[in-house]
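So that you can tell them apart, the chains are marked A, B, C and D in the order they are listed, and the count of residues begins at 1 in each.
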Amino acid sequence: MDPIRERPVLDVSGLPTVMFGKANTTWLANLLYMMIEGTMFALVVASYFYLRTRSSSWPPGNLPPTLGWGITSGAIFLISLVPARYAQRVAPSGDRSKIRWGLLALAGVAVIAMVVRGFELANLNCRWNENAYASTVWALLGLHTGHLITEFIETVVILCVSFTDKMEGTRLADVAINSDYWYFVVVTAILSDFVIYGTTRFL
Amino acid sequence: MAISEPVVVPQSGAADRLARTWAQPRGFWGWFQNVHHTAIGVRFMVTSFIFFLLGGVLAAMMRWQLVRPEHNAIGPDLYNQLFTVHGSTMIFLFAVPMMFQGFGVYVVPHMCGTRNIAFPRLNAFSYYIYVVGALLLWVGLFLKTGADAGWFAYVPLSGPEFTPGKRSDFWAQMITFTEVSALGVAICITTTILRYRAPGMTLNRMPILLWEKLVTSIMVIFAMPSVMVVSSMLLMDRTINTQFFNPSVGGDVLLYQHLFWFFGHPEVYIIFLPATAIVSTVVAVFARRHIFGYVPIVTSVVATGFLGFSVWVHHMFATGLPQMSASFFTAASLMIVIPTAVQFYCWMATIWHGRLQLKLPMLWIFGFFFVFLIGGLSGVMLASVPLDWQVHDTFFVVAHFHYVLIGGALFPMFGGMYFWIPKITGRMMNDRLGKIHFWLFFVGFNLTFFTMHFLGLHGMPRRVYTYTPEMRWGALNLLATIGVVFMTAGILVFIANFFQSKATGRFAGPNPWGAGSLEWATPSPPPHYNFLELPTVNGREALWEAEPNQPIVGGVREDIPEVLVTNTLDSEPEYRDELPGPSIWPFLTAIAVSIAFIWSIFSPWGIAYGAIPVVITLIGWLWPRGHSPSPRVPEPALEARWIR
Amino acid sequence: MIGFSRVPLLAAGVFASYPGDHSILHPAGPQASNIEWLYWVIFWIVFVVYVVVVLGFMRAGARTYTSADEMLPIMKDEAGDRRASWAVGSAITITVLTLFAVLVMSEITGKKVEGETSKNPVTIQVIGHQWWWEVIYPDPQADQTVTTANEIHVPVGKRVVILTNSADVIHSFWAPSINGKRDLLPGYSSAFWLQIDQPGVYHGQCAEFCGLQHAHMGFSIVAEREDAFSQWKAQQLKPAQDPTELVTVHGRDVFLTHACVMCHTIRGTDAGSRLGPDLTHIASRQMIAAETLPNTPGALAGWIVDPQRIKPGNRMSPNPLQPDDLQALITYLQTLK
Amino acid sequence: MRNRVSIAMTILLLLSITSCKREERQLRPDPNASQTLNTVQVSGLNPGANSISSPPPAGQYEESAYAVSQGKTLYNQYNCVGCHANGGGGIGPPLMDNNWIYGSEPGNVFATIMQGRPNGMPSFRNRIPEYQAWEIAAYVRSMSGLLPKDVAPSRSDQLYVKPAEQSMPYQAPAGVTGEPEEKK
C-alpha cells in the first residue's frame, strides 16, 4: 500500500487500559473457568444421585458423615465471604494496605477452612475404597478441596504481589476477580456439604 | 466513539514499530517462548496432521489383518491396541485439535481483526499439554502399553480387573491432557470472539465461522468436563481402588457409559460444526455471493449446540433401556437432523443463486455434500431404536461414523486447507495435484467404507481381529482393504503438493480468492502484528462491504503489545488491553503438569508431590513483570498522527 | 414385506443376493422380520432423499457454473433469494414431516418387536463368559435344570425368553436373523424375547468388544420341531453314563486326573467345576470352543493339546498329554452324547 | 518443527530405555511350562525336598502384570480362597503377612502348590500346569507386597474385603534366587 493515504480514524487513544468487573476480559475468562469447574461438580453430584438409585440403602452400611464438621466448615465458608467482599471493594481504590489486609484475612480463613476440611475428611465415616457411595463422597469433597487449595495459593501469590510496586493497573482487577472465584468456592462448598450431609439425612 | 474527518495517516515507522513490539523470539528456546496465535495455530495443525498420518498407518495395518479370513498377520493383543489407539488418535489427537484448536486458533483473531488471541500464554500452554498427551498415548503403544479396550474404554473391561498393567491408565491420562488443552483453547477463543472483535462487527455481523467457533467453544466447555470426570474415575478405580464402577459394591457400569457419551456425542458436533463453518465460508466465496440464509444457518448452529447434549443415550440403545427414554432419545436424534438439513438447503440455495467457480476448495466441499450425506442418512437409520438393536456395534456403524467423520470433517478440512494454506504460507497449492488428491481419496474412501455397510448388515461385528471363511465376509473385506491403497496415495499426493507449493508455489497475495472476511485484509503470510491498520467493519463480509474509505482504528499503542477490547453485543470500543509477550513459562508449566499427571499413573502421591513444581511454574508464569500500564497521553509519535 | 428386497437395484441387489443364515436381511422370526421391514422402509426413504439432494446440488452447480478463473464480482439477487427462501422453507417442512414419519414407524416397530411375548414361554438363561456362552434351561426342580454351552436349542414357532447375565465384562447377545442385540451387563439382568419360525441352525456372535477373543465368541441357535426339542432336552438331562470299555475308562481317568477336572463338569463323575463349559453332553454339540472348531476328534484333540494356538489368550490351559492318554480322552469324550 | 520432532525422539528414547516387561502378555505359554506330569497321584501329600524344574522361570511371571492378574483369577477360581481366604488365612495359614513357613521365594511357593505340604495343603501336581502354578505363586507373593506396585494387581470387581495388592507396602525387590528363609 502507498505510504500516504487519507483515512477517517476511529481514535481510541483516550480509552482506559484497566477495567473492573464485567468489562474485564479476565473476568470473562474466570467466568468460563467457573462454568467448566461447575460442570464437573454437577457431574459428580449427578453420579452421586445416580448411584443412589442403584442402591437399596443409602449410605450403604456406613453411618452418614458426622454433621458437626459439615456445619462448621459451611459456617467458615460463609464467614469468609466478608474478607472476600472487602478485598473486592477496596481493589479499585488501589489502596495497598487495605488490599493487603483483605487478602491476608482471606488467606487466613482459607487456612482455617483447610484445617476443618481435614477433620471433615476424617469424619466421613467411610473410606473411599469401601464402596461406590464412599468413592463419590470422597470424590466430591476431594474435588472441592482441590479448588480450596488452588484458591488459597492464588490468594497468597496475589498477596505477595501486593507487597511489591507492581500492585497496580490490571493487578488490582485481579484482586477483584480473585474474590469472584472465592465466591464460587464458597457456593460449591455449601452445595457439596448439602449433598454429603443434607441429602443422606433429609432426602 | 467519534470518527474523525479523513486525515493524513503517515505509515512511516508504524510497521517497524509494530514488528519490533510483536516480534517473537527465534532459535531453539525461542520456539518454546512463541505465544503468537499464528505460530500456535500452525503447530496445532501440523502436529495433529502428523497424528492423522500415524493413525492412518494403524488403520492400514488393521485392514491388512482383515484382508482375508483367518489371516494371522497380527495377533489379538496387538490388534486390540491398534484399533483403540487408532480411534483415540483420530478423535482426541487429530479431529478436535485440527478442526477446533488448529483452524480456530489460527483464523479467529484474523477474522476478528485483532493482533493476537486472548490469553496467548494459556493458548501456548494448551498446545504443549496436547503434545504431551499425544506422546503419552503413542509412546505407550511403542512400549506395549497401548490402550486396548476400545476408544471409549468401557468398564469393566478397561477397569482394574480386566486390564492389568498400565494400559488404561495411559489412555485415561491422555484424555485428561487433550481435554485440558481443548478447554484452554475454548477459553481463549470465546474471549477473543466476544471481546476482541473489530469495531462495527456486531454479533449480527459476525462471520458464520466465528458464530460456529463460539458455539463449539461453549460445547467444549460443557462437554469436556464430563470425559475428564469419567476418565479420572476410571483412573482412581485402577490406582487407588475406588469403587465407582464395581457392581458388587454399588458401583455401576452404565454410569461410565452415560458420563462418557454425555461428552461423546457433543464431541461429534465439536468436530462437525467447524467443518460446516468451513463449508459456509468456502461456499459463499466460490458462489461469489453472500451466504444465503445467514440467520437460519446461525440459528441451526446454535440449535445443534443445544440438541447435541440431548442425544447421548442413542449410543446405549442395546443396553435395554426402558421404552420411554429410548423413544425420547430417538426423537431428539432425529430432531438434530433438522438444523443440518437447514444448512444443506441454504448452501444449495447459495450455489443456485450465485455463480459457481469450482476451484479446488469448492471441489472438496462438493465431495463433502455427496459423502457426508450418506453418513447423515445412515445416522437417521441408527436413530431408530429397533434398527439400532440390529446394526449397533457392527461394521454398519463403523461405515456410518467414518462417513460422518471423514465425510463431515476430513473433506471440509482438506477444502479448508486448500483455501487457507495460501494465507498461511503465502503460496498457492498446485491445482492439478489437488484434483488428483481429491479423486484418489474420494474413490478409495468410498471403496473402503461403503462396503462396510454390507458387512455390518450381514452380521460382522466391529473390533473382531479375524473371522472364519464360513461367514463369507472375505470378498467385501478384500475390497475395503484395496480402498486403503487409493486413500494412502491421495494423502501422499497432498503432502507432495504441500511441500512443492511451499518451495515453488505461485505467490498468493493478500486475497487470492477474493474472499470477504478480515483475514484476507492482511498480507500472506500475515506479519506478527496481523494488521498494520486495525480495521473497522461495516457488514457481514467485511471486505465486500467496506466503503471506499472505511475508517481505521487509531490510538492503539504500538510500542507495547496492546489490543483493542470491544463490548460483546455491538463491539463498541471499551478499553485497550496489554497482552503478555513471549514467555518460556507456559512450556515449563506444561512440563510440570505432565510430570504430575504421568507420575500419578504410577503412584497416587504423584499428584501431591507433582503439584509443587506446578505451583512454582505457575507463579513464574503469572508473576507480573514488564511494562507498567500505559499513560493516558500517548507518546508524541502517536500524538502527531491523530490530529483532530 | 420381504418383497422390498426383491426390487432389482444395485445396492439392494448386493444385499439380497447375499446368501447366509447370519444376516439382518434374512429374518427367521417375527422380531427380525419386523426390523427388516423397518429397514427397507427407511432405506427407501433415505435413498430417495439422497438422490433428490444430490441432484439438487448438481443442478445448482450446473445452473450457475462458470469456468471463469478470474475473481468475479460479488453479486446480489434479491428476487432469487426470495424464491430461494420459499424453496428452502418448503424443503425444511418436507424434511420435518419425513423425520416424523420415520419416528412413528420406528416406534410402531419397536412396540411390535417388544410385544412378541407370551404367558408360558420357553425360558433360557444365557450367561456371558470370556469367551463363551453358558446356557441354562432353569427349572423349579434342580435336577430338571439343563446346563450346556454355546448351542441353544429352541422349539420352532414358540416364544422364547432369554434371561441375560454376565460373569465378567460386558458382552452382547446377537443372532442377526433372529432379533436385535442385547447387552449383557455385569450387575444387571435383563430379559428379551425371540421366536424362530423355520427349523434350522442360526449363527450368533458376541457384539460388544469383550477382550482378547471377542472375535471367537460365537454361539448357534438350533431351532427344531417341538418333539425333537423335548427329546434333546430329555437327553441333556441324563448324567453321563459310565464308560464300559477299557479305553473309555482310561479316558475318564485321564480327564479326572488332569487339568480338565479343575474347570469342567461331567455330571455322573467327580468332575463338577463350573469355570468352563459343562461337558456332560459335549458329543451332542456341532461345534466346540464357542463356534470356533467343528466337533471332530481331530479338532477336539488339537484344541485340548494347544488351545492357545487357536484362541490366543483364552482361559483354557494347554495339555501336552501322552498320545495314548489323549486318544483315550478323545474316545471317552466322543461317548458323551 | 524440527525441534518438536527432536523432543519427541528424546522422550521416546528415555522411555524406551525402561523396556516394559510389565506389559508382556505371553498368551501361549511355552510347552514345557504347561507340563502336568502324567503319573496318577495316589495321595495328595508328597514328602521330600523341592523338586522344581530348574531353573525356576519365576521372573517372566513376576514381571508381567498380566501373569500376576491371571494368578489372581486362578487363585479365586481354583478355590485357594477356601482355605486361605483372601490372604487373611482360615483353615490354611494367612498369605498377606510376611511370615513364610516354607520360604517366600517364588520357587518355594511354587513347590508348596505343586507338592502340597503337611497338615492339609494338597498337591496340585497334574491338576495345574506349571505356568499357572508360577502365576499363582507370583500372585501369592504380591499379597504381602513382595512384587513391585506397578505389577501387583489392582482391586477386583468383587465385594470389598481388603485393599488391593498394589496398595500393599512394597517390601523387597522381587528376587527369584537365594535360600528360602525357614521361619518355623
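By definition in this document, a contact is a pair of C-beta atoms (placed from the backbone, for glycine too) under 8 Å apart; a residue touches a chain by one contact, two chains touch by 3 or more.
Not measured: the values here are computed from a predicted model.
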| item | value |
| --- | --- |
| Chain pair with the higher count of C-beta pairs in contact (B-C, A-D) | B-C |
| Subunit B-subunit D separation of Cα centroids, rounded to whole Å | 46 |
| Length of the line joining the C-alpha centres of subunit B and subunit C, rounded to whole Å | 38 |
| Mean-CA-position distance for subunit C and subunit A (Å) | 52 |
| For subunit B, residues that touch 2 or more chains besides their own | 75-77, 156, 161, 240-241, 243, 246-249, 251-252 |
| Shared-contact residues (touching 2 or more other chains) in subunit C | 186, 212, 312-313 |
| Multi-chain contact residues (two or more partners), subunit D | 25, 27, 155, 157, 160, 163 |
| Touch-based graph of the chains, sorted into line, ring, star, complete or other | other |
| Contact footprint of subunit B on subunit D as seen in their complex | 1, 3-4, 8, 11-12, 15-16, 18-20, 22-25, 27, 65-66, 68-69, 149-150, 153-160, 163-164, 166-167 |
| Contact footprint of subunit D on subunit B as seen in their complex | 28, 31-32, 43, 46-47, 75-77, 131, 135, 139, 142-145, 156, 159-161, 164-167, 237-241, 243, 245-249, 602-603 |
| Sites on subunit C touched by subunit D in the complex | 186, 212, 253, 257-259, 261-263, 275, 306, 308-309, 312-313, 317-322, 325 |
| Sites on subunit B touched by subunit A in the complex | 1-12, 118-119, 183, 186-187, 190-191, 194-195, 199, 221-222, 224-226, 228-229, 233, 236, 240-244, 246, 249-252, 255, 258-259, 262, 532-533, 536, 549-556, 562, 564-565, 567, 573-578, 615, 619, 622-625, 628-630, 632, 634, 638, 642, 644 |
| Subunit D residues touching subunit C - in the complex, by the definition given at the top | 25, 27-29, 31, 34-36, 38, 40-41, 77-78, 126-129, 131-132, 157 |
